[in-house]
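Here the chain labels run A, B, C, D and E in written order, and each chain numbers its own residues starting at 1.
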């Protein structure tokens, strides 16, 4: 997590100040809104592994998100297992789904828009399957029994939920940083930048890409499980819908793909933007999305490296040796 | 059930023609600009509203709306590419995707705001008319759409094959640098292509409205199938899109008949994934 | 030190936004007002129903305010706080936070069960009452949440009443209907309904010869119409939404499917006047067992007039949403306070019978209004007539459909 | 160390490489020469496992490596570089080299220290923390070499490391290659510029039109009329003969 | 006709051309020689408008063309046949040729087409064939033919003999002379030094973005420095 400029430090500091400030704002709206944003940040961080570091832009991260949520929900609802087991299983299921999609797609060397389309198609197939089969609850979806308690991973106190999510996001970011500054991360970036050169350097690029999909899938599954435990209800559109896939990629791209802070910053920024748009146009549902989309287009045009990249240009530090923080 | 196979195949073909019509514009844009146009469904919706309102307010028959709607949507598509997508995307494929997404967000929500979410159907005298073919009753509107698709795909193909603009589009699609070398204005050609693609969607709207409804969400009903059609037919292949559209219509219809309508949809997406995995170039596409 | 500044800034910022939110209400707040929430999907795929419901709530609030507001609170006016649930559960849940912040005493919503489940659960944490306008899933009232009040009938009651009525109708026609085909959307309500029908119809001597589920959206109904035709069913029992119902009706007509009756339960289109207007021919004699108001009441007639003035379609969403605001207003009247806990108590004790719905006095048992009931409507000409129960009926049922010459 | 036998490859109708044979003894520097489009790079891609040869075998240290994927070949100790050098843009110079070092040093600290050491050896000590994308052409060529060296490979296939360099830079890189060789590495290098090869290689092979037309010490090769003609065109040998007499 | 003065250009921070001055007169063949990666292709791309130079200017027939778009430069009469040919493989030979006249939809396009078919009889035989299915030499001919379709006064040929068999190379140089004989000036970038100097009137030798030798083709051929540059002897 190295920050290279005054701007980046200020940006991160602002985000941290905001996240801590939520504790003191004593506003359920801010807390609720930030809780939603944090769950989205987890799926954004998931996308960031493959899309950011690996240069593999997926358009179907809902596949992993939904699989995590459904796996956990099915185990709890149909098999009566404890939520904590479901939690772990959801993460594993997400990882398995990621690895499966990756194994198939990369076997045939798919990349670019083809990869995006295949992932999109996978999410769609899963959505249709989930709404068609009995054990996934069909179109009715799955509803967890309301039974608050830490044993069931159902927490009523919102401050506790918020704190837990902050810890989860911090942990996922720490893992991201760990990956970024590890052999695996270096390999993944090498694959993104130049796959042939990477192969020449002894990297099994297929394996690396599938592993990246598995890790990304685990994070995606985690996000799905968090959603499930928070709202206790899922159906096929809610967790496999393309809205999830869009949210997964939009945050990192706006925040700065392939950075540790980008996905969180982008997601928070976009949610704040959405909330702001809603307040600017309170009596015109829908028009807030129009405003949001316009700002999004401008951001794409004027922030080529995302928020982190923009901030990086504000007061950059001189390079010192040994600045691997 | 077996007595239903023939009518099912026929109605699949009719529906498939609509998929092909929607996919024609998409395949053109996809094949030439190499971008995934996520606004395609929203543009279809917009065109359906245009046709609907022409009928509702001015009494223009949807089929007679074609000469009005087509040029307008061509201009719209041209302007979108030239004025918005190209300048705002800075040449990044990922950005194009997100910009088309943003466009669809804008169009959808403006439609919702101005026209509300009411379902509208055009009150047309022949809406219930059918044509009897091989003992099956086929809706007249669908038969017209089928015939139109069969006519339009070759027309478009001929346009691409035999006109100066057509060959410029094909040249830009495959060898951008070479096209620049012979003096083709690549950005203009891209925009023309986007315009034609959008005009195709408008045509699909004219042919679809008599047998369908329009809501601000109606685009999503067709857009994913259209993507499938494009990939199945081979990126950029117009004739491929036509064949793939018809094929998907039949697959969907037969899978729906035998597996149930819900699960039948999976047939389409399985076909999609299989084709992407094993023959990414599609039925009539070139290996890339 | 810096930390304090951050906190203060943040409070200021959130205050500013809260102020912009509340700005319109402050202007109107010269007379005492009491805030009632409305959480409906105004965008996304449920936008149509959500927008209709929100409109219904507004008509009710206007009517109550025009009649002097909440008298026990010195004629306080009802001010609606409408929040978009975006057709997504988490947005519905977040909307509750907005209501709490705005100071709502109770709220109504939320069109789809998935949204309602999420919102009521979130509201439980704030002890905020939700009076469900529409929320047919039985899980809504099975969670033991004290803040949940469902004014309208759930899916079980709707189907059982529908079955009872169907039995009466069939007996009246000399049991002319012997076989049935079910066409349902594969979502929660359609699937549930189909399941119950498949179990219950045989008990009435009606054999289910075909069951077809389809997704939403479904683009083509030709196959479905053909299968219904091939099954030679006497009666078609559809459960789907307006768009699909429209396409289905057309396909049935085009494929020349002859039926003795079309009898839908909570049908999206059969109770939609626009469908009736635009598809008169195929809509004739279609019956629906659904939420519907008591058309004989003066207030109902007034509502119908206002809806027509506003150029809206008079759908059941408007009616039930109107009625739930009436229920909330009654509870406010008795609680004489906008305290959330007092509202829950007042609602729990509700015996209100002044709503526009054809119900007896309200009685919430575990949050479910045991005196609610669906009614049967039938399309006749360009009107939707109420045919069952008899005491509210505006027309005599026609069953089976008279044969065409 | 490397034995290439009867290697052939055609693309469509075009025969890119026909029946190529080649030997690289351990500790030597062998050149692979030829004009543009002669098939040199195609040879490399086949030897290093990037494309499958139609016919022929490749043996490395006695082991048949024909058809192995590139990463397996690299693990065995043979690595190729690319003509167009593209550093991994998101990484610093040191991290770039570390991508190579990670092959046998899984721990980041080890890999980073190996890469620092390799970088210093190649005279890149001062730029280790700079973003790789900021390097000049010469810097990139060095980085490419450093990255390859960091994998611990013993045989390096260099594809035109001198192209685009100015004479002083060429002299430097020639020195570096010599130094690495003396540390126990073996080189097979594609060069278009014969000048560079002359000063480095003991033996060279000349490829023209996909065929090996000559091999031997470079100094003799430049006198070989067939080589001269391959380079300068038909009739060049005779003209040159004339020219040197004039 | 073509005047280049003080051209500097590069990619990003990398400078490739460091002040190039050259000229090409009407109807002459000028050879541009030099080994790989010294900036020959960059110079061509600057002339045809693909790369914006960071300094210097180019004029063609007295008109400044620096900063003009490639398509406008084509219209002025400079045709660029690039390295790698950049033909349209999925279009037929005839379509490729017709597109060459894209900026000159004039009445003599047909006449010009016939003229080119006459110069390249092999292309005439394959008019209906997809360009991608041609052999390397034929593709090169097509690329040149396509360039000729714009009726240029200056033809820039980048490595036309690359990857061709010796017989094809002979044929190619024969064609270049033939084209030149029609009055078209040719800027020839080649590695085939002997043959280039054989057809060219004048030549420039470029090294590291600078000209190190220039002058009469015949004179250069005899210069031992040239051998040095190429063969290191």
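Everything below uses one rule, namely that a contact is a pair of C-beta atoms (placed from the backbone, for glycine too) under 8 Å apart; a residue touches a chain by one contact, two chains touch by 3 or more.
All figures in this text were calculated on a predicted structure; none of them were measured in a lab.
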So which chains are sitting against subunit A and subunit D at once?
none
By CA centroid distance, what chain is farthest from subunit A?
E
Need the most distant chain from subunit D, centre defined as the mean of C-alpha atoms.
C
Where are there more C-beta contacts: A-C or B-E?
A-C
Would you kindly tell me how far, in whole Å, the mean C-alpha position of subunit E lies from that of subunit B?
43
Separation of the C-alpha centres, subunit C versus subunit E, in whole Å, is 75
Please tell me the distance, in whole Å, between the geometric centres of subunit D and subunit E computed from their C-alpha atoms.
30
Length of the line joining the C-alpha centres of subunit A and subunit E, rounded to whole Å:
52
Residue list for subunit D, restricted to those that touch at least two other chains:
none
For subunit A, give me the residues that contact two or more of the other chains.
128, 131-132, 285-286, 289
Please list all residues of subunit C that touch 2 or more other chains.
43, 45, 186, 215
Would you please name all pairs of chains that touch?
A-B, A-C, A-D, B-C, B-E, D-E
Can you tell me which positions in subunit A touch subunit B when the two form their complex?
57, 59, 104-105, 107-108, 110, 112-114, 116-118, 120-122, 124-125, 128-129, 131-132, 246, 249-250, 253, 284-287, 289-290, 292-294, 296-298, 300-301, 304
Considering the complex alone, what residue numbers of subunit B touch subunit E?
164, 167-168, 170-171, 174-175, 177-185, 286
Subunit A - residues contacting subunit C, complex:
17-18, 20-21, 24-25, 27-33, 36, 39, 128, 131-132, 138-141, 143, 145-146, 156, 158, 227, 230-233, 235, 237-238, 243, 275-276, 278-280, 282, 285-286, 289
Please name which positions on subunit C make contact with subunit A in the complex.
3, 6-7, 10-11, 14, 17-18, 20-21, 24, 42-43, 45, 84, 88-90, 93-94, 96-98, 100-101, 114, 117-118, 121-122, 125-126, 137, 139, 143-145, 185-188, 190-192, 215
Can you name the residues of subunit D that touch subunit E in the complex?
13-14, 35-37, 134, 136-137, 160, 163-164, 166-167, 192-198, 209, 222, 228, 231-236, 239-240, 243-244, 246
